[in-house]
């Protein structure tokens, strides 16, 4: 079918397929198959018997995403997007889904939003969150710093996959925050009517206008579209790969909730400061090691050398096979840092209780209560980047941003 | 104080300390300090002013742990211990805590236990569970196979840290089971009156007398001493470092419960078979990789070469930075296997949904629904050890032991 | 009865539920309430470029909250909390078999689409649907219709309750596989539509994979008679098609006539409401009093030249307007023709007439609604009147219990569809088609006579076996002997006992016990006894292990007769023997034994 | 009143609650019910070698279930779901300060021990305790006592309810730091004990770290008069010590006398129960009827030579037996001396006497209990009688509300202790001791006169400040000016308003507002106004920002007087002005303004 080869996407063609006359728009091709959107709206992938006519003009396959850079009236809120699709739209002509930054899609749903908030749309990055790198944390922090001079609250839209890593990194990078920094994402993408992005974003903007002076996360509290949690960035983990309520505060309750247009905060958070200041370096050479039976000393040798610090996800209260003790001792003796966390996710580490723990402790391995592995990684990168080596261990143990829950209550597991 | 240096542990001494006359038993020394148990029961660590008298004879510091090898009457249950302390005892003379295998401590608490079960005590290993290695899984499986010819049910006491790894490994190693294999441990060690080991073990013995034909785990359902869960080995994770109810079924409900002397099973399990058969090889060269922002291609290079298979703990539905695609393609092209799991712990992987997933899938990365990372590791070791290379991917995707929950209901997260 | 107009065109969309689990997950076909629920709102991605689908916007404007009752046959997929799994292979194969059966051309690639439906009947806000084959033909008796497409789609939620802006659905039906067979609008009358629909339904029935239950076959009927296409949704009983279509013909005829009158009077002007909350001061109408108490305003508008057309004789334009308003959640509308009524007096009506300064042919509308909704309501009414006046009656309508139809929404266009990105394009391999070809369903009557002659049972019985869904087990058992006996058990014994005891006997238990009996050459009495014991709640394993099925031998019967005095009533003797031995008895053996005894 | 015997020896164990959070976690001192609970059972590791502690076994045998009410000041540590955290540094420093104050020698290493207590009062089944210092001395007036040890330990749960074998505790008190100061048994009478206990309590009070509340000081009293040491637990009121000790002296004297009589009659034989459920057939005793209905058996035993010793005159051996039985959960015991009673007639008593073939001096025991507990009960009774007969009355007893004591358990030995392996040995560094030395508490009366003279307030007021726990804030504020005014606020104003309104005004708010006033040189009226506003529920920041505290100037007062007619009653005028302006007024300024006005 040589005739097909030159058909550009977007061509509207009349063709025969299995003897029937059909009309449709060419959307693309894979091997010999054309992907065609029929008039009925169905897409087919087929090899037409014959193309009988090619209409003049083409359907545009590229959608221009125009959106207001600012909208609404009231409190200034900057919405910085990093590639999480705040609003997706569907182009029903081609069936294509495309991201949009038109935040008015959300604010215009409720009159109170338009009246209360003046939104600044700040496109910043456009990447999949699994491709986020530590350098970008720094850049994002700088962008937030810049916006903090223009707005009273910052919302950062972000893919959910690595959102808690970024939230932790931002938490440690900011020494003081004069604005709430609220991260928001969606577990069901916004091209579907059942998306959670609208409500998560509505809540995020509301959270961003409070006196919350930390980095928080705004996501569904349950699978119902009823209540949104404000979660502390350094204590939150994505605990389910797909559910709306995947984001859970680990070892503590959410800082607050948004429900029926109202914000209700617990009070258990740092109030915003007079100004925003940040650390300006990050030590990238840090990584996470997941301990498991069968892991060999050989596995670590090359790896450890490349890292200035390592977060170990040990078992239970923070244990790994005792065969690693010497390697770790050598490692920490060389001025590097190893911090123990638990692969249980919930609960504290404690290297005082069991023999292995005490051996690890003597080998120079640090532990810091229930510090989460992801938060430990971000903390380590910031601490190593900005403090002298002799302070690393002490800083890692200290509670800098509420990343260590001193009192775990019964109800939070 | 040269006179102290020759004092053997267990010596009963009269001494003066800060001018006061005291008497006590020497328990040990650290630096110049003697650890002494006073008559009041308090231990002190001190440097006596003067030792005035050393009594004749010494208190024994070693406790002989004698226990019946068999006890009770009724159904034969083998209790294989791997170093988890089923029963600890305290020697109040020295204050020492020592493990014991005297299972009658538990069975004798309830008349029905003594009347219903004939317990065979089978000491097998005596290690900390974080030191468990894949070879020992094989040996343990062989021991179970041996005991399955003598008993109607097997209980394996095990440290909780790596219990789910061992449970998963046993699950895959046994092709058929003619006996229930119930693993049991304790989160509060049995030298304290509040230990959970008694109730967990009582339940385990009861579970071991049912028609459950899988490898299960018997641990507290809540922090109350009321109900014990029977959990499927391949679907269970230790989710808290210290709580009694740390063991959670992930993505499904427990298989059953034990409460007030009664077992209640759901029916959602494989019944025991006519005979017990097992795989007899294991491929140790497999490991777990925890993806995180900042991980570099360099980090993997040496590591991957040493492994025939790797379990990746990706983000969300199973994603990692796209910069790794080529490395992984090369890896799988060389006949090795990479399986994607999620660091969310809960929820499924799905490499059909997002771009990154589809790229990984095309690069030869396998995925298998909500297969847990720990179960994936054990499964991989068994599959690679016992099936030809061309079947690995298919086997990893197939549901061999209930390790993949086909239907995740709402209530289980 | 209305005559069908000459230019009538009738087409069908028959939806068949396939009994093979769910289409995109591993849940079962049947389930019950699991005791949990959740709520959702739906958002339309309203800023789409291109031709935005008006129906989507219509439904969006309703601003509803949906509550979903979790069922035991639902998982995270139905809750829209997990991506769909891969397609149900049995359902797809069944669609292929039907396609082959109707000579429809199967596409080599199946692309799963999302069709936006935001009435809450799908938790995701869309229905997954895919085109499986194009063209084909279905015929029955003298009727014949071309098939346009065969699609495989998901069924929607079952609606449980509607309470203002809150609608409750059950998840039990959501995601069941539906095969949708659409015909061209080439039928001329209701009878043809009924026959063709029946033929389509029977073809899935024949595969044994048609789900049982009231809603297993549903059809939408497309109808036109020159005023544009009306799509009538949700006709569940075939026999209702006649009445529904006749009612629709009358409706369109009357509408046409009313429009002509209206136009002849000079037509309407735009409806334009004014607020006058004082006009009915002092009224005794409870409806008005209650509305005012609830904070509603009284909105009044003239309806130029509309007198007598809204509700009088056969004219019902008032209902057309009310139905349209209902879509945006506004219910309180009154008009000239229906007053005085609802406690509103003639005098009060006069006050309105005076206030609005009505002319001779003018009508009025009274809307009890908050003032802030004035413009929305006005807009809906004007658009509705404009459309009716244009003579284009095309729209989607819902079939009602009383065989009338109600306005539901404008016709859906193609612009509701976009690809389901969570599911890969499915390749229909030659092997799959080959496999489907091995078992293509034939028409029901052919199957009935085939079964009837092959097993020596009546056509009636064969037909019942098929409708019961027990043909499969029958064939399996019959291959092992005594088809008639097995047929009797399946067709008579079991349905009878189920009806009487109001229970369901699991077919797999029946199968196990019939198998047990046949393998031991136990006959009819044993099998019947097995069914009786099953119906009493015994498990198959208990029945098998308890020696309950071995029939009494003649010698055993003879022995037992010793203890029985009255040897006249054979069925009484039989009952007694069953009672004593708990085992089946062949009455003819009793008769023979008695005879032998008497001859001694 | 009983005379104290010559050979009396009294020692004390004073437990002081330190108000500094919990000892091994980060929870606060005070908390309320959190609305959750959990249940536990405790297991003794009963197979320990060496001298197994009899008290442990005793308590173990009770077989109880414990329910714990979670409090807002508890976390996983109190629930025994997480290892203890590192030791509370303030609590440890406080213990060091007290040790120095009493010249007790501090150990360089503190080893945390577990003391097994399985009555459920500790979720772990043990109490954490550690020896901090040895020796020392405490004196007051003419009394003087040597200190043996100072320990730092955890407080136990607060008991809420006991219901059969189910005991409910609250976690709120569990884990509070307790400093235990034990004296040698070198006191001779109750008054000395009271004085010494008072001195010890006051020494912690002086640090400002004694927790407020009824149970903040509890003492155990050790007493002996030649029959072995009795440890009386839980004396909460100091003044009760006299009565308790006097009652204990009588009890031991009477017991001694009863024992002598019993021995003179030839002593008892072993109690040995027989079951005879028929013996009271036909009784009208509701107690018996109910017991039988509940499945109890009637157990009877002769008690040789015991007549009149169990309950008659001053003799109460019956109660000693009953108390011992109560420890193993057995309550239903009756004996000869108390019958007829409980509906049991003289005739029925006679039947028992006859059945058991009692001699002249013999008594009997009736036990209403399941037969399976016969041996256990018999064993407990025999052991109890044997111990009493031996003349060794040593045991642990509990102080009761009525100042009597009850048997609790045998004396605990050292064999209940083993090391807390979850906590590292704590090094007491020279720096820590140096730090503690900087702030060693002095005796209360010294402190009172010191404060009184330093700030020019009365001794009474100084004492109240100390007892209120507000000395700290007083000193801080007083340094900024007007100590008398601040004293009045803290000693009179606040307690008065708290009593009247039944509220608690947070001290940190008071501190903030006094600071606010002093920094602006606002006087007494402003501060009082601030307390009033706080008591009405306003927040400090609202009060500060609302200009509520600036006193009216004389000119403002003069202006306001314009609108006030009656210029006689100054306090009425003052109230009025406050009402209008919401600001404080100095009455003397009003008087001056009126005077000036009148002079114009």
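The first chain written gets the first letter, and so on, giving A, B, C and D; residue counts start at 1 in each chain.
Keep this in mind: contacts are C-beta pairs under 8 Å (C-beta built on N, C-alpha and C of every residue); 3 or more make two chains touch, one makes a residue touch a chain.
This one's a predicted model, so the numbers in the text were calculated from it and none came from an experiment.
J.: Suppose chain centres are the mean of their C-alpha atoms. Which chain sits farthest from chain A?
T.: Relative to chain A, the chain whose C-alpha centre sits farthest away is D.
J.: So which one's got more C-beta contacts, B-C or B-D?
T.: Most contacts of the two pairs: B-D.
J.: Determine the centre-to-centre distance between chain B and chain C, using the mean Cα coordinates as centres, and give it in whole Å.
T.: Between these chains, centre-to-centre, one finds 53 Å.
J.: At what distance in angstrom does the C-alpha mean of chain B lie from that of chain A?
T.: Averaging C-alpha atoms per chain gives centres 33 Å apart.
J.: Cα centroid separation between chain A and chain C, in whole Å?
T.: From the centre of chain A to the centre of chain C is 43 Å.
J.: Out of chain B, which residues touch more than one other chain, so two or more?
T.: 223, 242-243, 317, 347-348, 350, 410
J.: Where in chain C do residues touch two or more other chains at once?
T.: Residues 38, 76, 79, 81-83, 421.
J.: Testing understanding: with touching defined as stated, what is the shape of the graph linking the protein chains, line, ring, star, complete or other?
T.: other
J.: Where on chain B is chain D touching in the complex?
T.: Touching chain D from chain B are residues 17-20, 33, 35, 38-47, 63, 87-97, 100, 102, 105, 109, 188, 190-195, 198-199, 222-226, 242-244.
J.: Under the touch definition given earlier, write down the residues of chain B that touch chain A in their complex.
T.: Touch list, chain B to chain A: 128-134, 137, 160-162, 165-166, 223, 237-243, 245-246, 284, 286-296, 298-299, 301-303, 306, 313-323, 342, 344-350, 354-356, 370, 373-374, 377, 381, 410, 413.
J.: Please name which positions on chain A make contact with chain D in the complex.
T.: Against chain D, the touching part of chain A is residues 317, 347-348, 350, 352-353, 406-411.
J.: Write out the stretch or stretches of chain D touching chain A in their complex.
T.: Chain D residues touching chain A: 25-27, 34, 36, 38, 70, 74-76, 79, 81-83, 421-424.
J.: Of all residues in chain C, which touch chain A in the complex?
T.: It is residues 38-53, 76, 79-83, 105, 107-109, 111, 113-116, 118, 123-126, 129-131, 134-135, 149, 151, 413-419, 421, 425 of chain C that touch chain A.
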